[in-house]
Amino acid sequence: INTATKSDDKGKKENDSADQTIKIGALLPATGVYASLGENVNNGMELYFEEHNWEVAGKKIEIVHEDSEADPQVSLRKLRKMIEQDKIDILTGPISTAVAYAIRDDVDKNKLPFLVSHAGGNDLTRSKRSDYIWRSSFSSWQIGHSMGQWAFNNVGKKIYLTAADYAFGHEVVEAFKEAYTNAGGEIVDEVYPPLGNNDYSSYLGKMNRDDIDGIYAFFAGSDAVRFVQQYEQYGLKGKIPLIGSGWLVAEDVRPQQGNAPEGIKSSIFWDYSLETEENKKFVEAYEKKFNKRPSIESLEGYDAAAIMAKAIESLNGDVSDPTKIVEQISSVELISPRGLIKFDKDTHHVIQDLYIVETVVVDGSTENKVIDTISQVVDPGK
Amino acid sequence: MSTLFLQMMNALSYGFLLFLITCGISLVFGILGVLNLAHGSLYVLGSYVGFSIIMKSGLPFWFALLVVPFVIAIIGLIIEIILLRPTYKLGHLSQVLLTFGLAYIFHDLFSIIWGKNILAVSPPEILNHSVEMMGYMIPAYRLALIAIGCVIAILLWYTQEKTKWGAVIRAGLSDKEMVGGLGVNIHLVFTLVFFFGSLLAGLGGVLGSPVLGMYPGMEFQILILSLVVLVVGGLGSVTGTFVASLLVGFVETFSRFFVPELSLIITFALMAVVLVVRPQGLVGRRI
Amino acid sequence: MLSLKEVNSYYGASHVLHGVDLEVKKGEVVALLGRNGMGKTTMIHSIIGFVKKVQGEVLFEGQNMAGLQSHQIARKGIGIVPQGRRIFPNLTVTENLTVFANMKGGEWDLERIFTCFPRLKEREKSHAGNLSGGEQSMLSIGRALMRNPKILLLDEPTEGLSPLMVGEVMDVLLMLKETGMSMLLVEQNISTALSVADDVYIISKGKVVYHDHPEKLKNNMDIAYQHLALSS
Amino acid sequence: MEKEIILSLRGLSKAFGGLKVIEDITLEVKVGEKIGLIGPNGAGKTTLFNMIAGDLAPSGGTISYFGELINSSPNYKRTQEGIVRTFQKNNLMLGLTVKENLLLVLQRMSKEHTQWWKQAKKGNYSTLFETANKILQEWGLSEYSESKVQDLSYGVQRQIEIIMAVAGKPKLLLLDEPTAGMSQVETDQIIGLINKLPSEVTIIMIEHDIDVLFGNSDRVIVLHTGRLIADDHPEAVRENPEVKEIYMGREGAVHA
Amino acid sequence: MRKKLIQGILLFLIMVFVPFFLSLYYVNILTEILILGVFAVSLNILVGQTGLVSLGHAAFFGAGAYATGLAATNISSNVFFTLAIGMSLAFLLAIVIGFVSTKAHGFYFLMLTLACSQMIYSIVYQWTKVTGGSNGLSGIPSPILFGSFELSNQVFIYYFILVVFTIVIFIISRLLHSPLGYVFIGIKENEERMKSIGYNTAFYKNLSFLIAGTLGGLAGSLYVIFNGFISPSDVYWTVSGSVLIMVLIGGAGTLWGPVIGAAFIVILETIISSYTENWMMIIGITFILFVIFAPNGIAGIFTSIQQVLFNRNKVEVEKSIIKPIKQQTKMDG
């Protein structure tokens, strides 16, 4: 049996070098709560490869899509399919951190280069680090930590913490807490509503107190919509400043929030409004192709595609050796729409700028505006 | 003291929101005995159609409130006549499978038609502000929900208790054939009740959308939430669902306030406790 | 008024009634006798439309009812007291009586039922499922009467009734007969059946094996026993 | 020798809410007695059975079985100890065949039922099959043995109801209107078989068919509005004017 | 019976040779089917035999999986040890949940099991220190069979799981036709009457719940052995829902139905979702077609085909013992 599988392995390699297409596996959710994130990452990748005629270093690029359903069990099944059936050369995805952790061992065992284009779990580039896993998006730590000092300087000395009760929320808030208290701030209290909570009124009631200078919130998706709306409806807006991660006021949730997010300040590694050449070009192309604004996940997809393309290029299209692929990925350095990005070779994690963004009302609807930059944030890796 | 008052108001408004979401399934499952797992989907469909009317076509909220329930009710009607009827003689497990299949189909239809993004609906202009009560701001829309909830509760209670419809349906549940033998077209009755159940789902969908919004997969959360409220109240009576909605509203709101760590577990714990103490729910009739 | 011509009834693949002919004239009480499992209930159910597969003609006031749904059949003026009572256990006694009532042109109303069966009056607010067996039988009869039918199908209406109540029910039936109501009565107690019947049928294994005037049988019960026992 | 007392009720009563259904019944039954229980509809006969069999908890009073208080013993335990009842309203495993219904009774008594590794059809179990076949044959129901109960006519289901109880080898058999819904031919047959049960089997039978009842009881008990109003030899009860008045009615004689 | 045994052995041998013909990918899918097959078979004891429709079976899967995962990470990764730990926790949980929920009937039972399993879910979800919270428990070491013989290869794991699966199926096939199995069916048909016949139905319902729960835990343990991770989404009620659907689609109350159902769902989902994003719609339509055209599940289709092809009497006896969907489960309480 052993020999059978081994020869199978060899077959794979031979096939690939003969083949003229490079297969990229995209393990992204197409159904369920995270479906829109998956769709946006996909769009970003497609935009990039379309701009390059789906060709890199003379080889055709093919994306193999599999619906992860944001479910680790399903994802693992799909991953195995992509490895065995589709014989993908590089993997990207997967949105959900739980999925990333679940497939980590199989990826590692199979020596499959895996460029994480969205999944924040700190451990992925810490205790669960693998030679074959590199992350181009962000870590929870980067998001939370970046705002600590800033909040102490610009918001106040006493802050109330709140986050959706799941690992991502906790990690972000922990990082913020660390930075903020180190800076000298005091966390007055914290509360963790469950993920997918539909009524924040009682939590807001707890936060509605006079002895705090602000609220730091981590919510995303429908939670962000509801939280920010109810923050306004229950009269906290204008009374207690709200800060948080960029997902609180992300491109794809703001339209649903009305004018409620006005004045929220958040930290994030890209914003629609960034005034760089690269970003303007990206935004324009994206809007032309998809007829809607890019979201941060679109950018993540776009960047991931760019990084993979760069790596393949420097290998002249020879993707037969996975160690070489990851080596090349690790050396990619580029000016992306989000600014300069490169990899930290120790942690396998991206080094990037973080922006402090304020939400303002322009012509009756909200826009984000970059008000500060924290440059080249490096995840500590432990 | 006044924070308690605020939480009371929150609990009340949340409770009524729950009632608006659950009254449809209370009618269809609690009273008609049809376990419709696609009920959450009908609710979400109501929200989405309402979204198209209000946010896309720019028509007034009230117009959507009037039209959408009927659209959903007609869709419910078609589902009942074509798909559900044959399952009545097969039993509940077949209904589980069938309506779960429907929910799957709806899930994909939603993302094909309305995309995968989160959507929200703005409340009607006149309610799009907050009212100050005892120094606290309370959204006017929530207060309006309390009023509408009361009206619907009374209407439902009246039809169930004071007309013979409730009795005919209960009779049909225990012996459909015999009801036919006594000259009542029980199929028609079932279809009508399903129609009204779907109507209420649509109504709940429109009314709930400014608060809850909609996103892929929401239907399953709504479904579970509704089922929990339904069993806490007990199957078979709108009164039970009403009581349970308020109870769940209060327990959830106050537990969030006092012991936020437990909020994920609290509804289910409440349900478990109620069922262990009273195996047929708070107000449930033994069917 | 009601006549069955060459009726064949099936449950799925099993053929239960084999070419049955039967007639109930206006104002007549027809008794249907037979051992257990011979097809009496099937016959009643074929008339009211509970049996799905019925071939042949079931004529009511000259109109063929085969193929109609049971609620349509019932609305033509056919009342039924089914076997096993089949009252609605989760409805109260009053609900059982009133919900399906048809007051148009009828003489039976709640009050009258309660005078006939005072026991029901005492239990009017109870759930019918809590009634005793005999009380349920009364309720089932009352429920059928409340529909003020033109013809009554009675499938062992006296089952579980005390002798006193059997007498009362028989009185009611006799009185109904006097007012011109037609009835098809299935009964196990032959003498009770014969005390009201104008015509008697005995069926065995889904076929009519005997049809005559009750007097014939009254004078000679052995005939009845013979025909009844024959089937074994 | 005086026969042992199998069942003794002391001050037994039952109320549903405010409705007193059984009031202060005291009664002793000796082993092997055949007792007829009559009373107008709603007198409380079935309720009394429910309490003896453990399907209903009494509101007051005691029930003793062979001198032992069984008030709090659950119904299945009483059945295991020999108190077996039939139901006035058919209560069977409708989706199973007649034989399977019967086998469930037989295997319970054979104590084999907790064995999951044995195959029902093999070993000892085949003797159960034979017993089942024998019983069905004896009761003239062989032709139905493989039919699902739900496909049978009402009267046949009533017969199975009785077989299920008799097959349980009762010491105290509670028959609730056994012959209701049965034709006369079947009634004769069933009663004949019940009479063939071993003489030490105690039987209490509720029956509205007074021919059957008076013909087969050593003692008749009359219940009226939850109270015991007569307890005597059949002939004495039959002549009792109060019983005539409340139970038999004018026509009582006609049926006799 | 003997014929069945020979058929079973043949099937087992075919399964043994599968890895020689199929690629690792298919072997993996097959392993997953076997695991979910065990899971579905265990639920079938409740749903198909005892008539207790549970929507909380994932709790046991989760209990088995987490216990196995934690034991393997922290104590020893010997398979037998971790399996035993997983099953023991599931067993204990089944005692508690069974005690609470078997008191309720029909739909209330369903909702009570749902409530209990959602509480387990919350615990798993929020007890981050132990369970890893929403990120799950990953990096669980490969199981060790004997001494230092690691089941590192997917094919070895397949064989191990195949053996366990075979044992479970054997046990269940005995149970299904055993006197105890009949008692369960009797309870499904008419619990009240079973009491009157002299069965302590509360005990038997708990027993059935225990067997089902423990085997459900076994499935969870196998899952961890196979995948090396477990996350809260595997304890969520949707998992209970999908295993219930496997049982229904396959044919409740039959031996192979649930396994076939598991295979059907896994294969359908895997294949279709690779071709279209809208796979849920196709699966949904399949469910509906099943209800309309094959209300007795796939096993029911087989029986009908057999009936048409062969002498029908033989099958009929079988069928009447194992009653498929026509539910007596009074969900209206």
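Before moving on, here are some points about what is shown:
To keep things simple, chains are lettered A, B, C, D and E as they appear, and every chain counts its residues starting from 1.
In this text, a residue touches a chain if its C-beta (ideal position, glycine included) is under 8 Å from a C-beta of that chain, and two chains touch if they have at least 3 such contacts.
Just so it is clear, the model here is predicted, and its values are computed rather than measured.
The pair with more inter-chain C-beta contacts, choosing from B-C and B-E, is B-E. When you average the Cα atoms of each chain and compare centres, the chain farthest from subunit E turns out to be C.
Averaging Cα coordinates per chain places subunit B and subunit D 48 Å apart.
Separating the CA-averaged centres of subunit B and subunit E is a span of 32 Å. Centre-to-centre, using mean CA coordinates, subunit D is 42 Å away from subunit E.
Annotation for subunit A: residues 31, 165 touch two or more other chains.
Applying the touch criterion to all chain pairs gives A-B, A-E, B-C, B-E, C-D, D-E. Subunit A meets subunit B in the complex at residues 31-33, 35-36, 38-39, 165, 191-194, 196-199, 201-203, 205-206, 208, 221-222, 225-226, 229-230, 233-235, 252-253, 256-258.
Touching subunit D in their complex are the following residues of subunit C: 11, 14, 33-38, 41, 83-84, 119, 123, 130-135, 137-138, 156, 159-168, 170, 188-192, 195, 225, 228-229, 232.
Residues of subunit D touching subunit C in their complex: 16, 38-47, 88-90, 140, 151-156, 158-159, 177, 180-187, 208-210, 246-252, 254-255. Taken in their complex, subunit E has these residues touching subunit B: 47, 53, 100, 103-105, 107-108, 111-112, 114-116, 118-119, 122-123, 125-126, 237-238, 241, 244-245, 248-249, 252, 277-278, 280-281, 283-288, 290-292, 295, 325-327, 329, 331-333. Across the complex, subunit E meets subunit D through its residues 1, 174-175, 177-183, 185-186, 189-190, 192-201, 317, 320-321, 323, 326, 328.
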